[in-house]
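Same chain, two partners: chain A is paired with chain B first, then with chain C.
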Partner chain A sequence: MIGALPSPPPLPRFSGTHAHNPGVFLEYKLMYGMLFSIRSFVSKMSPVDMKDGFLAFQTSRYKLHYYETPTGVKVVMNTDLGVGPIRDVLHHIYSGLYVELVVKNPLCPLGQTVQSELFRSRLDAYIRSLPFFSARAG
Partner chain B sequence: MSSELFTLTYGALVTQLCKDYENDEDVNKQLDKMGYNIGVRLIEDFLARSNVGRCHDFRETADVIAKVAFKMYLGITPSITNWSPAGDEFSLILENNPLVDFVELPDNHSSLIYSNLLCGVLRGALEMVQMAVDVKFVQDTLKGDGVTEIRMRFIKRIEDNLPAGEE
Partner chain C sequence: MAIFSVYVVNKAGGLIYQLDNYAPRAEAEKTFSYPLDLLLKLHDERVLVAFGQRDGIRVGHAVLSINGVDVNGKYTAEGKEVLEYLGNPANYPVSIRFGRPRLTSNEKLMLASMFHSLFAIGSQLSPELGSSGIEMLETDTFKLHCFQTLTGIKFVVLADPRQGGIDSLLRKIYEIYSDFALKNPFYSLEMPIRCELFDQNLKLALEVAEKAGTFGPGS
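On to the complex of A and B.
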């Protein structure tokens, strides 16, 4: 899931659910609000100047990994608990996929759901190629 | 890509705008607008490639613009001078400007700001990192000045807004 300020990220999920499904959109709004609050909490609590800030959180069921650029683009990935730090993966999704295929494409408007089929298929292929990806879950 | 191709392409763009718009003020506005649209996307490419983190103040921003961004995209490193006492304004001095190689301004275009695209790019890029700035040329070698000087002024920080409907 990738989003850019100011609106919450209306990007179809990796599993391919349609973005206009109201249930999915509600989930995005909830997630956006939660991430905004956690980010704000982390920056207030941090005793030193925050370099990377909020990296990840986990519950007993899943781990949420977070990566944000200074422009407000957020890359969020949910994995199971066994997965370690994946900042470089999230950075690659931003720089190698989002920037290359969406930002640099003048026909892709920014700040809205990414319609680019190329982006979706490359993102899909990339995720599937990751060492911690399990075909059972996809 | 050759720098001649880049310079000639930019020149063709400005020439066409001059034909389309007839007066220099409108051309300047268009260049700024086009630059803005480039800047809002260019910043993402810049962040992806340079790995520079968020700047903590305007001085750090000035350094990154002059030493990293200008170097990366135009192959030049302007110098930073003329800081205002409050630290909210500075000048970039360009010894040479790749956009204006081979260019001479004709007399009937004396108020044309030939490289105004650059102002738009800087403004658009900084807006995406939550900084509202005013950018303008105060000296231009095309107009007979010794150097090209771009003045950048910090207006305000753009706050993170929650989208409407969320508390």
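On to the complex of A and C.
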């Protein structure tokens, strides 16, 4: 999840090897820059006027899904290749989890790294409940 | 037209071939009286709509023609500045045509290089090891497919999101490239492709792919 201001909050990882790697903040900056460039690229390339804009991209190993709210909050999810369009999932992460648990929480300062344990655990539970999630070992 | 365009990018990220295949974009022509209720601004040598979206005229649309005569960037056909012309009440009522601006060759070059970099970053951001670059980029209006050959040439196809068979089309374009560009003794590697046979066969392959919806193996 990338906030509208330049300091992105840490993402919980559901698989993969680097769970608490400090180099992961470099990755977020790279990702933010890349998404910003892709959005600009897509708006120029599109043959007709766009409504939703950039949705996802995939490589040979992963698929990156993207959802942006009108306020500039970006929800990004990296999945396996077999996952189809999950715009509604990303929308729920924003409206049902982020807005409810972080925005409406008077103790969570907006624009900064999300420290809320409740948000983290609810998000974790939600992701694990998704039909396309399968707990793989490491 | 379900296949919008084809780009071929060399190892260094430079555009060496480009083909546009789509039908013209939606345009809106309206007659206006002074004062203009749209806010126009100059951007990148074009006059764009900044504010005042209505009736098919969207923000980001460019002024394409005034009173039926195509404008030349930020100048009218007579050489006057468009913004100045539209600021003068004596020129009204005026009929202006707005539409999505077409990309200039320079912009296409820049976008191809931009994609070349994005392709590389896509493989760096991978949560798994050994990822390729971006093979497919999806938006609500088009899908961009990219095939990178072992020699670093990228074939990029922009198509309708529902168009199928683009993977085999990309392989077919690679075949056409090796047959009509690489085997041409007058073609230098990594340089812009100016081979007539390449153009002809590429257009033919695009037609077949559009009609079939899929491109059969062994064609």
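The rule is short, and it goes like this: the second predicted complex is superposed on the first by the 118 of 138 C-alpha atoms of A that agree within 3 Å, B and C clash if a C-alpha of one lies under 4 Å from a C-alpha of the other, contacts with A are read in each partner's own complex, and residues count from 1 in each chain.
Keep in mind that, in the parts below, a contact is a pair of C-beta atoms (placed from the backbone, for glycine too) under 8 Å apart; a residue touches a chain by one contact, two chains touch by 3 or more.
These numbers were taken from a predicted model, which means no experiment stands behind them.
Asker: Would chain B and chain C fit next to each other on chain A once aligned, or clash?
Answerer: fit
Asker: State whether A:69 touches chain B only (first), chain C only (second), both chains, or neither.
Answerer: first
Asker: In the overlaid three-chain picture, which partner chain does A:134 touch, first (chain B) or second (chain C), both, or neither?
Answerer: Neither chain B nor chain C is touched by A:134.
Asker: Once both structures sit on top of one another, what is the angle chain B-chain A-chain C taken between CA centres, to the nearest 10 degrees?
Answerer: It is 90 degrees after superposition, to the nearest 10.
Asker: Check the residue A:121 against both partner chains and state whether it touches chain B (first), chain C (second), both, or neither.
Answerer: Once the two structures are laid over each other on A, A:121 reaches no partner at all.
Asker: With both complexes overlaid on chain A, does A:55 touch chain B (first), chain C (second), both or neither?
Answerer: second
Asker: Which chain makes contact with more of the residues of chain A, chain B or else chain C?
Answerer: If we count touched residues of chain A for both partners, the winner is C.
Asker: Does chain B (first) or chain C (second) touch A:112, or do both, or does neither?
Answerer: neither
Asker: After the two structures are laid over each other on chain A, how near do the C-alpha atoms of chain B and chain C get, in Å?
Answerer: 5
Asker: Show me the chain A residues, by the header's touch rule, that chain B contacts in one structure and chain C contacts in the other.
Answerer: Correct list for chain A: 49, 51.
Asker: Which bits of chain B are touching chain A when the two form their complex?
Answerer: 40-41, 43-45, 47-49, 53-56, 128-130, 160-163, 165-166
Asker: Give the list of chain C residues in touch with chain A in this complex.
Answerer: Spelled out, the residues of chain C in touch with chain A are 4-5, 22, 25-26, 58, 60, 100, 103, 107, 111, 114-115, 117-118, 121-142, 144, 158.
Asker: Which of the residues in chain A end up touching chain B in this complex?
Answerer: 5-8, 29, 32-33, 36, 49, 51, 69-73, 94-96, 98-99, 103-104, 110
Asker: Per the contact definition, I'd like the list of chain A residues that touch chain C in the complex.
Answerer: Residues 13, 15-16, 27, 30-31, 34, 37-38, 41-62, 64, 78.
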